[in-house]
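Common to both upcoming complexes is subunit A, partnered first by subunit B, then by subunit C.
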Partner chain A sequence: MDSVLVVLFSAATSVSTLLIASIGLAVIFGLMRIINMAHGEFLMIGAFTTVVLVRTLGLPVLVAALGGAVIAALLGFVVEIVLIRPLYGRRLVDTLLVTFGLSLMLFQLAVNIFGTTSPGISTPFGAVAIGEYSVSVYSLLLIPVAGLLMLAVYLVFTRTKYGLLARAAAQNPEMASALGVDARKINKLTFMFGAALAGLGGGLLAPIVAVSPGMGQSYIGQAFMTVITGGQAFLLGTLASAAALGGVQNIVAQLVTTFWGLAALFLTSIIILRFMPEGISARWKRQL
Partner chain B sequence: MTDLASSQTENGTAVLTGNKNGILQGVADWKHAKTGAAMIVTAIAILIAVNFFSLADQLKWTLWVSFGIVAMSLSFIWGKAGIFSFGQNALFGIGAYGYAILSLNLLPYSGETLSALVFAGVAAAAFAAALGYFMFYGRVGDVYLSVLTLAVTLILYTVFSSTAGPQYRIGEATLGGFNGMPGLPTLTFWIPGSGSVQLEIQALLIFAIGLAAVLYVIMSYAADSRFGEILSGVRDNETRMELLGYDVRFWKWLAFVVGGAIAGIGGGLFAAWGTFTNPSVFGLTQAAMVIIWVMVGGRNSLFGAFVGVVIVQWIADEADKVVSEQTPLILGLMLILSLFLLPNGVVPTATNWVRSWLGASKGGSRGEATQAAPLPASEAATEPVRRGVIVAQNIAKSFGGLSVLRGVDLTFDEAPVYAIIGPNGAGKSTFFNVLTGRVTASQGSITLNGTDVGAMPAFERARLGLGIKLQIASIFPSMTVRQHIDLALRARSTANRGALIERTLRDVDLWERADDQASDLAHGQQQWLEIAMVIAQRPSLILLDEPAAGMSRQEKVRTAQLIERLSRTHRIIVVEHDMAFVRSLEAPVAMLHEGRVFRNGSFEAVCGDEEVINIYLGRRSNAVSA
Partner chain C sequence: MKCNSYILGGTYGKLESVQLTRRAILKGAVVASGAALLSAPAVLRAAAQDEIQVASMFDLTGNLNIYGVQQMNVSKYAIEAINEAGGVLGKKLVLNAYDTQSKIELYSRYAQEIGTNEQVAAVVACFTGASREAARPVLSRFKKLLFFPTIDEGGECDRFCFMQGTDCVQQEGPLIEWAAKNAGDTLYVVAADYVYGHVATAWTKALAEKAGVKISGVEFIPLEVSDFSSTIRKIQSAKPAAIMSNLVGSNHIAFYRQFAAAGLNGSIPIVSPVFGLGNEQEILSAEETKGIVVSYSYFETLESPENKAFLEGFRKKNADSGVVADTPAQVWIAWHQWKQAVEKAGTTDIMPVVEALESGMSYTGPAGPVTVDAPSHRNIQNVHLAKVDANQKFEIIEKFEQVKPTREVVGAGACDLTGADQNSHRMIEPKF
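Presenting the complex of A and B:
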């Protein structure tokens, strides 16, 4: 009985981690149709900011992660103006390439600043015993945190003026601009919001992963597959695909090894895309 | 002005005019010239390499040649077929591991490793074939495709990094995990009489240059051949290719497999050069490099791939002397800068400069001849009459919860022309797309000339004789007018292909512009070009989607005349909401309303109907008196 519970918690943590790592990418891809190749580096920047804030100022992790979000949003602000905006109207692949270039540069800059490894921060809150098993409280905490994060993003896009305008601009740009929506301003906000979510995600994951300049690269593949498997409904679709892929990954990882869990995640998503080339949510009526 | 431009064209390609075989001859000459140029460049490269290069330089250049080969594979699939893949370096890596595994196992027995180099290409092609099946037959979209290839690259990196330990052994070859496989045999030939001969570094460089030249010539031929023409068509306009009867999935897949084989051979050469391979060949930095080489060199030029490698690697090497170990920073910067400053790459940009400097550029034909295209001369009388029959039974279609079609029964088998009308939202477009195969009906059957085509994709229906003209001119912007018809004729091998192309183009009055790029044609001419393509397909049944949309009254009259003329030999179905235009067709009319056939009969009968008028005016029938 306890073991079942532990397995379930572990799977839910897996799904939550995937969600936290992907949500920023999903927002930017879902609303701007931009594949942000530097997403992993935004995660990494959020994580490093959190580590620095925790170690120097002694802030609690959850507060420090908000600092990560702020720093990532500021970077997103600059990146949107300098690199993304000049490329509007050009081929999709151009924005992909420019963020790829950015990703390489940010990686190297992080190496120059922080070195190839970092001391990291310890996982707070200790562990709790479930029967004869010991489970990290922080990992468990990530499950409601991911839920709250999803809820917050959902509310932003359903209850705020920005959210409504952003969805309108994404679904029907001509109509939106005819109604007086400033698409450039909306896009800037969307990119910043996506970057902030990535930074926050990196901060939240900082206590349970090895924080290093290369950490972005180890999340980027999973995050991308989760988002494109999710499809056009960038919130609920991503939630569904994170549940499917994270679940498969975790179960396989527990049965075999971590490595095969990752392989299973990729294989599952490739097979899903073979039959649903536009993602799980392609035929949903909801577009959120 | 038009005359001047066309006479220049004729001077430039004097061989082509009048003589159909001359076209083939001209193409062959051009290919020979390319081959010749490649041979000369190769010879010069070898001479320089042998006489002037130090050992270190020879080593470096051999590496660069192997890089150039994988870059060329990306130029081919990206520039020619429009497939942007992050995975070429992964295929390169598979080639490297393929060479490693086979050479270690085979060398003791065969005394050579050339077969391992071939195997490198085969292994990468096989991997590309499997991956390509998922991507292209799943119709994964462009952006998704680049993400998928990236994900595959990342996972291969993880897979090969975690193969440390003795259990990961294939015959004599231990995969070696993160450290990779050292101590590979270099390229070795078996020469009868003298046994195994290992290539020293200078000989390896000469071999590499020769190999690259051979691959370049093969790829150039492929790019200029019919295969390349089809790929350009797919890149420019997938929908139109599908409507012409091409299986787009297959051609993209094939291009990807060919590119995979080339990348794999590059990887094999890389492993033979360094006598090692490790998982970093699958790394993100390596993935970035392949793309940067091609970006800098120019993705529309196969030769540009090699130029790109030399430029980028030289800059990277020089930069490393100033600030060491900053390669990702420099690569990222180069990627961004080349994207903003040199979006077409060095070689195409330079070629354009040289062309305009020589004054050889085709003087502004763009935007000319904006007047309406003249009515095609009537020559179609010689065509045999082929009036196909299409029957739609109980067609229903819903999107999500929205029922657009609710049981449409229509048979098109008697009159030469039929018109389908209906107010906005009646389901006309959906019904049109159900007939073409771009939308699959939720229910009901479509029979074309006796064959059930309900489940067939658009390209198979096109092969069975369905010709489709879309509302907005659907052409291939970067191809010449002549190539359009050539593609529309498909594989129908005719000795008089040239004559057929000429006749079709004369039919729509575009023969004068045969060698102009389609994007230079006026709007009306592009419409005619699309119609010419549809006719060249030799359909038995032609579907026209709102042919009068956006036309002046004069153009509408001409279009109606054209439809009348085509209808002497084909059956034609017109979907239209312009009532005056429909009246001029003098055809039986089916009116759709709320997803059903509301009225069916002559134009006068349908449009004289009180209820039909009410629907069009948006009135309720009992509210007329008010």
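Presenting the complex of A and C:
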């Protein structure tokens, strides 16, 4: 019994981790159709900010992660003006190349600032016993945190004026502009919001991984799979695909090996996209 | 980028056609003086009488620079130290330093460049086995001597290549012995899912059987994985007495963090032949790493006059460059063993130097005395067991004197460079 429970918790943690790592990408790709290859580096910047805040100011991890979101948003602000703005309306591949270059630059910049072996922060809150197993409290905590994060983003897009305008600008940019929506401003806000979510995600993951300049690169592949498999409803679609991919990955890893777990993630994603080329949420009525 | 760029010599010719504006003259002056400083080929040849060219290729940028930067720091330091002590055969060494940018293709390209440069007498280079296998065949074809500083799984069988780091047997034997004595007789193996992890694990199994230790589980983890929740659950189900970690790379550091977060680091000790190579003990916190047992030839905390002098000299030049792990220390040892061999041979020609290295002379460096085992081209060296202490430093707990390397390759026979393989320049692929 306790082993089943531990497996389920472990699977839920994997799903939450995937969600936390992809939500920022989902917002930027879902609303702006920009393939942000530097998403992993925004995660990394959020993680480093969190580490620095925890180590120098002694802030609690969850508060420091918000600091990570702020720094990532500020960087997003600059990046949008300098690199992304000239590319609106251009081919998808242009944004891919530009953000890929940005990713390489941010990686090397992090190496120059933090070096390659900078100290991280250990996982807070200790462990809890479930039957004869012992499980990290923080990784259990990531499950409700991911849930709250989803809820908050959902509310931003359904209950705020910005959310309404952002969805309008995404669905029909010409009409939105004709009706007086300032698309430039909305795009800038959306890019910053996505960057902030990536930074927050990195901050939340910082205590369970080794924060290094290269950490973003280990998430980018899975995050992309999740977002693409999720399809047009970028919030609930991403949630559904994170649940499917993360769940399959973890359960297969439990039953067979970690390698097959990872293979199962990509295989599931391929199968879903083979039969639903537009993603899980292609035929859903909702746009979120 | 490579630091010593005599390609610049070519710019002399181009300058003639430049129109003589003030800016052009200024630029010309800068380029000309730069080219002169950076030794144009003509200058090089003239200087060759009292200089010996040597080369290093390490990853100063890219994702492997966590290892490469310190290797290069030590390589430069070793060359400077040798020069300050009078050079080799009375000649100054000139280090050609190449940044391979963590890219395998640059290893083959720069190896080609080094190979075609007649002046280069020896090379200390590479970190991963893959990079060595990109560079070694090329260097070997051009008859260049290569010293490889990293610990590795074995299989190299090349008369022109010397392995400085300990092999799996030298490291894992003492670790398994320690685990059996101090933890119990079951071992769970977590390993990186690539060639090193598999070969190291094959040795773990073989050595465990010899020591009467039972393997209660093996799991190979792809290098990009940093979520270990399922592995940690499985370890708890298997209830091993100790864990052997053959995990590699920055993603895998998360294993130690998540293992500690689940509250297991107090109850199940971890032994590892690779932990600490990338200074993992500094990235993780003290409570996460306390008690992890590792084995290397070199530790900063070794107490010997040679090590003290080595570290003092290094810190003078590199005050903030972090811990010197085993691999960079092996770079120093490699340059000094080569120097000793050249002085014995009286020449930098490759065959006499190889024979001098094989002749069984000893060099006592920061890690203690080392002697080449001629058939395997590996060093017989001291191996130290160390435990990470509360200050994230390695506390030496046991010393194994003059541990012999293996000549065997997992599942694929053996290499004998003084006998059947004396003209060999190949890699024996381990089978597992």
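Definition applied: the second predicted complex is superposed on the first by the 288 of 288 C-alpha atoms of A that agree within 3 Å, B and C clash if a C-alpha of one lies under 4 Å from a C-alpha of the other, contacts with A are read in each partner's own complex, and residues count from 1 in each chain.
Basically, a contact is a pair of C-beta atoms (placed from the backbone, for glycine too) under 8 Å apart; a residue touches a chain by one contact, two chains touch by 3 or more.
As the structure is a prediction and not an experimental result, all values here were calculated from the model.
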{"item": "Combined model on subunit A: subunit C and subunit B, fit or clash", "value": "clash"}
{"item": "Partner chain in contact with A:Gln108 - subunit B first, subunit C second, else both or neither", "value": "both"}
{"item": "Touched partner set for A:Leu262, first subunit B, second subunit C, both or neither", "value": "both"}
{"item": "Partner chain in contact with A:Asn250 - subunit B first, subunit C second, else both or neither", "value": "second"}
{"item": "Which of subunit B and subunit C A:Thr190 touches, first, second, both or neither", "value": "neither"}
{"item": "Which of subunit B and subunit C A:Gly221 touches, first, second, both or neither", "value": "both"}
{"item": "Which superposed partner A:Ser3 touches (first subunit B, second subunit C, both, neither)", "value": "second"}
{"item": "Touching partner for A:Thr238 - first (subunit B), second (subunit C), both, neither", "value": "neither"}
{"item": "Which of subunit B and subunit C A:Thr49 touches, first, second, both or neither", "value": "neither"}
{"item": "Contacts of A:Tyr138 with subunit B and subunit C, given as first, second, both or neither", "value": "second"}
{"item": "Intersection of subunit A interface sets (partners subunit B, subunit C)", "value": "107-108, 217, 221, 259, 262"}
{"item": "Complex contact set, residues of subunit A against subunit B", "value": "33, 35, 83, 86-87, 92-94, 96-98, 100-105, 107-109, 112, 217, 220-221, 224-225, 228, 259, 262-263, 266, 269-271, 273-275, 277-278, 283, 285"}
{"item": "Of all residues in subunit C, those that touch subunit A in their complex", "value": "61, 63, 65-66, 69, 193, 219-222, 224-231, 233-234, 236-237, 250-251, 253-254, 257-258, 260-264, 278-280, 282-285, 287-288, 322-323"}
{"item": "Interfacial residue positions of subunit B with respect to subunit A in the complex", "value": "84, 134, 137-144, 146-148, 150-152, 154-155, 158-159, 162, 284-285, 288, 291, 295, 326-329, 331-336, 339-340, 343, 400-401"}
{"item": "Subunit A to subunit C touching residues, read off their complex", "value": "3, 6-7, 10, 13-14, 17, 107-108, 111, 115-123, 126-127, 132-136, 138-139, 207-215, 217-218, 221, 250, 253-254, 257-259, 261-262"}
